[in-house]
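Below is one structure, written out as C-alpha cells; the observations come after it.
The first chain written gets the first letter, and so on, giving A, B, C and D; residue counts start at 1 in each chain.
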Amino acid sequence: MSSIAAPLTEAELAAIRADFPQLGEVVQGHPLVYLDSGATSLKPRSVLDAERRFAETRTAAVHRGAHTLAAEATEDYEDARRRVARFVGAREDELVWTANATEAVNLVAYAIGNASLGRGGAAAEGFRIGPGDEIVATEQEHHANLIPWQELAARTGATFRWIRTHDDGTLDLGHAAEVIGERTRLVAFSHVSNVVGVENPVAELVALARAVGALVLLDACQSAPHLPLDLRALDVDFAVLSGHKMLAPTGIGALYGRRGLLRDLPPFLTGGSMITTVTMDGADFLPPPQRFEAGTQRISQAVAFAAAVDYLETIGMERIAAHEAALGARLAARLAEQPDVRLIGPADSPHRVGLAAFTIGTVHAHDVGQLLDEQGIAVRVGHHCAQPLHRRLGVTATARASTYLYNTPAEVDALVDGLDAVRRVFGGR
Amino acid sequence: MSSIAAPLTEAELAAIRADFPQLGEVVQGHPLVYLDSGATSLKPRSVLDAERRFAETRTAAVHRGAHTLAAEATEDYEDARRRVARFVGAREDELVWTANATEAVNLVAYAIGNASLGRGGAAAEGFRIGPGDEIVATEQEHHANLIPWQELAARTGATFRWIRTHDDGTLDLGHAAEVIGERTRLVAFSHVSNVVGVENPVAELVALARAVGALVLLDACQSAPHLPLDLRALDVDFAVLSGHKMLAPTGIGALYGRRGLLRDLPPFLTGGSMITTVTMDGADFLPPPQRFEAGTQRISQAVAFAAAVDYLETIGMERIAAHEAALGARLAARLAEQPDVRLIGPADSPHRVGLAAFTIGTVHAHDVGQLLDEQGIAVRVGHHCAQPLHRRLGVTATARASTYLYNTPAEVDALVDGLDAVRRVFGGR
Amino acid sequence: MTTDAGLYQELILEHDRERHGHGLRDGAAGESHQRNPVCGDEVLLRLHVEGDRVADVSWQGSGCAISMASASVLHDVVVGLSLDELGERIELFRDAMRSKGRQEIDEELFGDAIALSGVSKFPARVKCALLSWMAAEHALDTARGL
Amino acid sequence: MTTDAGLYQELILEHDRERHGHGLRDGAAGESHQRNPVCGDEVLLRLHVEGDRVADVSWQGSGCAISMASASVLHDVVVGLSLDELGERIELFRDAMRSKGRQEIDEELFGDAIALSGVSKFPARVKCALLSWMAAEHALDTARGL
C-alpha cells in the first residue's frame, strides 16, 4: 500500500502479540506460526473479554425488552453498530448486522429478487430486474460474491456476465469497459482478492458502473481488516464484511448500504423485531437497519465486533496497513526469488496486502501445506473458494500465506525457508 | 407437563444458580429476579468457558483448512453438531446450523421458493408451489413462523391460510381440520406458544397434515429448552430452534430436516464451503448439511451450543421439565387467583411450561413491567412478536413471566407479590 | 422499593388520567400518526394553527402512562406558541429525554413536563415519552408544507 | 522437523511417483468419479471383473501425494480379491483411516498400504487417503448392479 504511516516497531509488535492468546499455542511440537488470517483472524483478549463481560452481565433480548438489562443490552448493541459503522466510514443506519459477508451478499441478492417479484411496492421498483438486464461480477471473485449473483440471474431471467482477469490474476479493466454497459444493473467485485492479494482499482470500476447507472457492491472482506476504509469516499452502494477476519468472533458480519437504497430495498429475512404492524394478512416493516435484522440478533458478537474495531483503531489502521505492506512485500519478493516457486499476482505491486498465494514445483498444495504444518506453520491450501480464478491461472490449488497485525518478518521468513522441507521430501518436483 | 421425574431439590437448584454469573447482578438496587428466559436464557460458566477456550486455542476456518488447527476446529465443529442433533433426537446430517430460529424458518421458506422458481432441478420438484397450493400456519404463531410463510405465498402465488385460536389462545383443532385440506402443502406451528405457554397437540396436527400429504414444520423454540424432545418420534419434517434460548450464545440456531427432504431441497444462501464445482456459468452443491451452510460458520457458537446441551443433559431434561412444570403451575395458579389479573391461556393445564402472560386491571403492560423492574424483576412486556394472537385476545400488550431451570418458587412469588406496586401506583385501574 | 420516588410521579398519573387535549378536532393544519413497534402504543395528533401560532393540539391514542401523560403535557406546553417556538421546544424536549439524565428540563419552558425528567434515565421508556412529540414534529412539517 | 518421520514415508512417495494401475482401461464392470470439494482432488476409477474376482483396477486422477499413492496401493491390494473380499477390505481400510491412530492396518491384508497408517492421525488428510477407496466402493456397487 502507498501508505506513509510508520510500520510497527518491534516493541509494539511484541506488545500486540502478547494480546493474542492463541499465539502461545504449540502445533506439531513447534510454536504456532499463524499465516492464515485471510481465512480467519486470531482474537485478542480485549475482544473476548468484552464478549464475556456482556454475556455475564447483560444477557437480554434487544429491541424487545423494557426491563433494565434489556434496555442496557439494546444500548450496547446500537453503540456497537455506531462504532463499527464509523470504522468503515458509514452512518449507523447504513450498517446492517449479518452472520458473515456471505449472508450480506445474499441479503442484497435476495432483496433484489424479492423486488423483482413485486415485493416492496413502488419504492422498490428501481431494484427490479429481469430478462435483458445484466449483473456483472469478476473472474477473480470469492464464491461468496459470485454464486449469489449467478443464482439471482437464474431466478429472475437476468443475464450474468463477468470481467476477465489477466494471466497474473489481476482484473482486465479493458474487458470491464466492454462488459459493463447499458444493460448492467449491478457490478459486484472485491476490494482485495483473497488469492491475488492486491487492491483493485475501485475508482475506475465505480466510474464504469456510474456511467451506466449500475449499482456497485464491494466485497471488503480482505480490505476492511487491513486498510483504512472509507466506504462513503469510495462511493460504492453496498459493501460487505466479515467480523471474524478482523479480530471479532465468528457469527457476525455486516452489510453497508447507502441510506436511500436501504430505505427502498424490500426485506430479506422476515420475523420478529423488523415489523411495525402484523396481521394474518401481512406485515408492515420497520425502516433500515432493523428491517433487515429479523429475529434475535448476534448481540454479544456485535459488542465484540465493536471491541475489535476499537482495538484496531487504537493501533491505527494506517500503521497496520504500513506494517502489512512491508510483510506483504517481503513475502512476495522472497517467494518470487525462489526459482521453483510460482507466485500468484504481481511480485512488486505497491498495492499488495500481506497475502500471497503460490505453488512450488508440481507438488500438490495439500502436500505443501502438510509439510509446513509439520513445522507449526499454518497456511491455507486449496482453491480458497475461488475455483474459477484458479482454473484461469491453470492450477487446481495453491498454498496461501496471509498476515495480520500480529505477524513478524521472521514468520514470513520461516514460511519461505520452510519450503525447503517440501524440496527435501519431493526432490526436484 | 405430565412428567414423572423428580423436580430439582433445593440443593441442586442452589448449585445450578451458582453456575450462572448473571444471577449475581443487582438491578435497580435489587438482586436480579430474571423471569425473561422465554426471550433469551442466561448462560452458565461452562458454556462461556467452552466458547472462550475454543476462541483462544482453535481459531481457524472449518471445512476449508488443512493445517492442524483447522482440522481440530473442524472436528470440534462437527462434534458439536452430533451432540446437538442427538439432544433433539436427530441424526447429525439432519441438523443445519443457522443464525437463529428465524433464519431457519426463512431457510425452508426460501428454499421452497427457489424450488418453485425451478432451482434444484428434478429432485426439488416435489417442493414446488404456486397458485392453488396452500400454506397453513396458526393465529398463535410468533412472527418468525408467520411472516416468512405470508411472504412465500406472496412470492409464489400460493394461498396463505391459518388456524384460529380459541378465546383463551389455545389452538382450535376443529378449525385446523377444516383448514388443512387437499391443497395444503405445508403446515407450520409452534410446539409451545411463547404467549400461551402450553404444549400444542403435535400428534393431532401431524396426523391432519399427513392425511393430506402436507409437510410439517415445528417451531421448537419454546420446547427444546424446557422439555425432552425427540423430533423423529414427533414425526415432523422440519423443526427450528434457537441456541440463545437454551443456554447457548446468541448468533446460533438450528434447522432440523428429515434426511430425504434436506437431500432434495435446493440451497438457500450460496457462497463458499457449500459447493463441489464452481464455474463462471454456475455451481454444483454439496449434500446436506453443508449445502445449507454457506460462508464461514458460527464456529465458536456451535461449540458453545454443544456445551449448553451437555449442561442440560447432565441435569436431565426430564427433571428440568418437572421443575419448570411446578414453577409454571405455581405461576399460573397464583396469577389466576388475583381478582384483577387476566391470565392468558388455561390456568390449570397439565401442558403448561414455566411461562405465563397476563394483564392487570387496565394498566398498560409497559407500566407493569417498569414497576416490576424497579423491584429488580425482569419480565417481558409487549406483544412478544405475536401481534395477531394479542389482537385475537383483545389486548395490545401483555406482561410475560417465563422461567428456566435456574428459577425458584420464591422468584415466582416475588413476581406475583410485586404486582402490589402496580396496584399502589395505579390504584384500582 | 423505589416505586414512589421513581418514574410514576403523581403529576404523570394525573395527566395520564386527565389527558388534556384528548379527542380529535376538525380543521387541523397538520396531522401525524406515530406508533411504537415494540409495544404497539400509538398517537394520532393534530396541530391546529391560527396565523403563526398553535391554536390547539388535539389527539387520540392508546399506550402506557408515560406516553399518554406526555401527550397531555405536550398539549399544555405548546398551545399558544409560535410555530418556530414549537419546533424549538420539541427539539429541547427530545434532547433532554435522550440525555440519560444529564440534561434538565427547564420548568419555565416546560411546566408539568418536568415530571417526565426521570424518563431520560430509562432508555427503554424514552420512546414512550417522545411518541406524541414526534407526532407534533411531523404535524408541524405538514402544516408548514414541508 | 518431523518431516521425515512424518506422513511422507518413502513408500508413499514411490507410489505417488509410480501410480500402479494408472491409466483408464476399457471393459469395466463399474466406474466411479470421486471429488474432494475442499481441494479439488479427483479420481476416476474403473473396476474390472472376471467371474467373481477383481481382474484389474484402472484409474486416473489428480491430487496430493497421499491421494495418488493411496490409489496406487489400492490397485496392488485389491487385484485378485473376490468381490466380497473387496467390500470387506474397503471397510477395514476406512475404519482404520477414521480411527485417529487407534486402529492399525494389518500388513498381511494391506501390504504397502501400511505406509498410509500415519494418515489417520491427520483428520484433514483422511479424505485424501479415502478418495480412491470410496470410488472403488461405488464402482463395486455398480458392478453388482446395486
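Quick note on the criterion: a contact is a pair of C-beta atoms (placed from the backbone, for glycine too) under 8 Å apart; a residue touches a chain by one contact, two chains touch by 3 or more.
Note that the coordinates shown come from a computational prediction; the quantities given were computed from them, not determined experimentally.
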Query: A-C versus B-C: which has more C-beta pairs touching?
result: B-C
Statement: In terms of CA centroids, furthest away from chain A sits chain C
Query: In angstrom, rounded to a whole number, how far apart do the mean CA points of chain C and chain D lie?
result: 77
Query: For chain B and chain C, what's the span in angstrom between their mean Cα positions?
result: 38
Message: Counting only Cα atoms for the centres, state how far chain B is from chain D in Å.
response: 45
Field: Residues of chain B engaged with two or more neighbouring chains
entry: 28, 64-68, 70, 275, 277, 366, 370, 381-382, 387
Task: Name the residues of chain C that each touch 2 or more other chains.
output: 38-39, 122, 125
- request: Please give all chain pairs that are in touch with each other.
  value: A-B, A-C, A-D, B-C, B-D
- prompt: Which residues, counting only chain A, touch chain D once they are in their complex?
  reply: 28-29, 363-367, 370-371, 374-375, 381-383, 387, 390, 396-397, 421, 424-426
Of chain D, residues touching chain A in the complex: 1-4, 6-8, 13, 38-41, 62-66, 122, 125, 128
Message: Could you list, by residue number, the parts of chain C that touch chain A in their complex?
response: 35, 37-39, 122-125
Field: Residue ranges of chain A in contact with chain C within the complex
entry: 63-68, 70-72, 74-75, 275-277, 286
- request: Would you mind writing out the residues of chain B in touch with chain A in their complex?
  value: 21-22, 25, 27-28, 32, 34, 36, 39-43, 48, 52, 55-61, 64-70, 99-103, 105-106, 110, 114, 117-119, 139, 142-148, 150-151, 154-155, 162, 242, 244, 249-252, 269-273, 275, 277-283, 294-301, 366, 369-370, 372-373, 377-382, 385, 387-388, 391
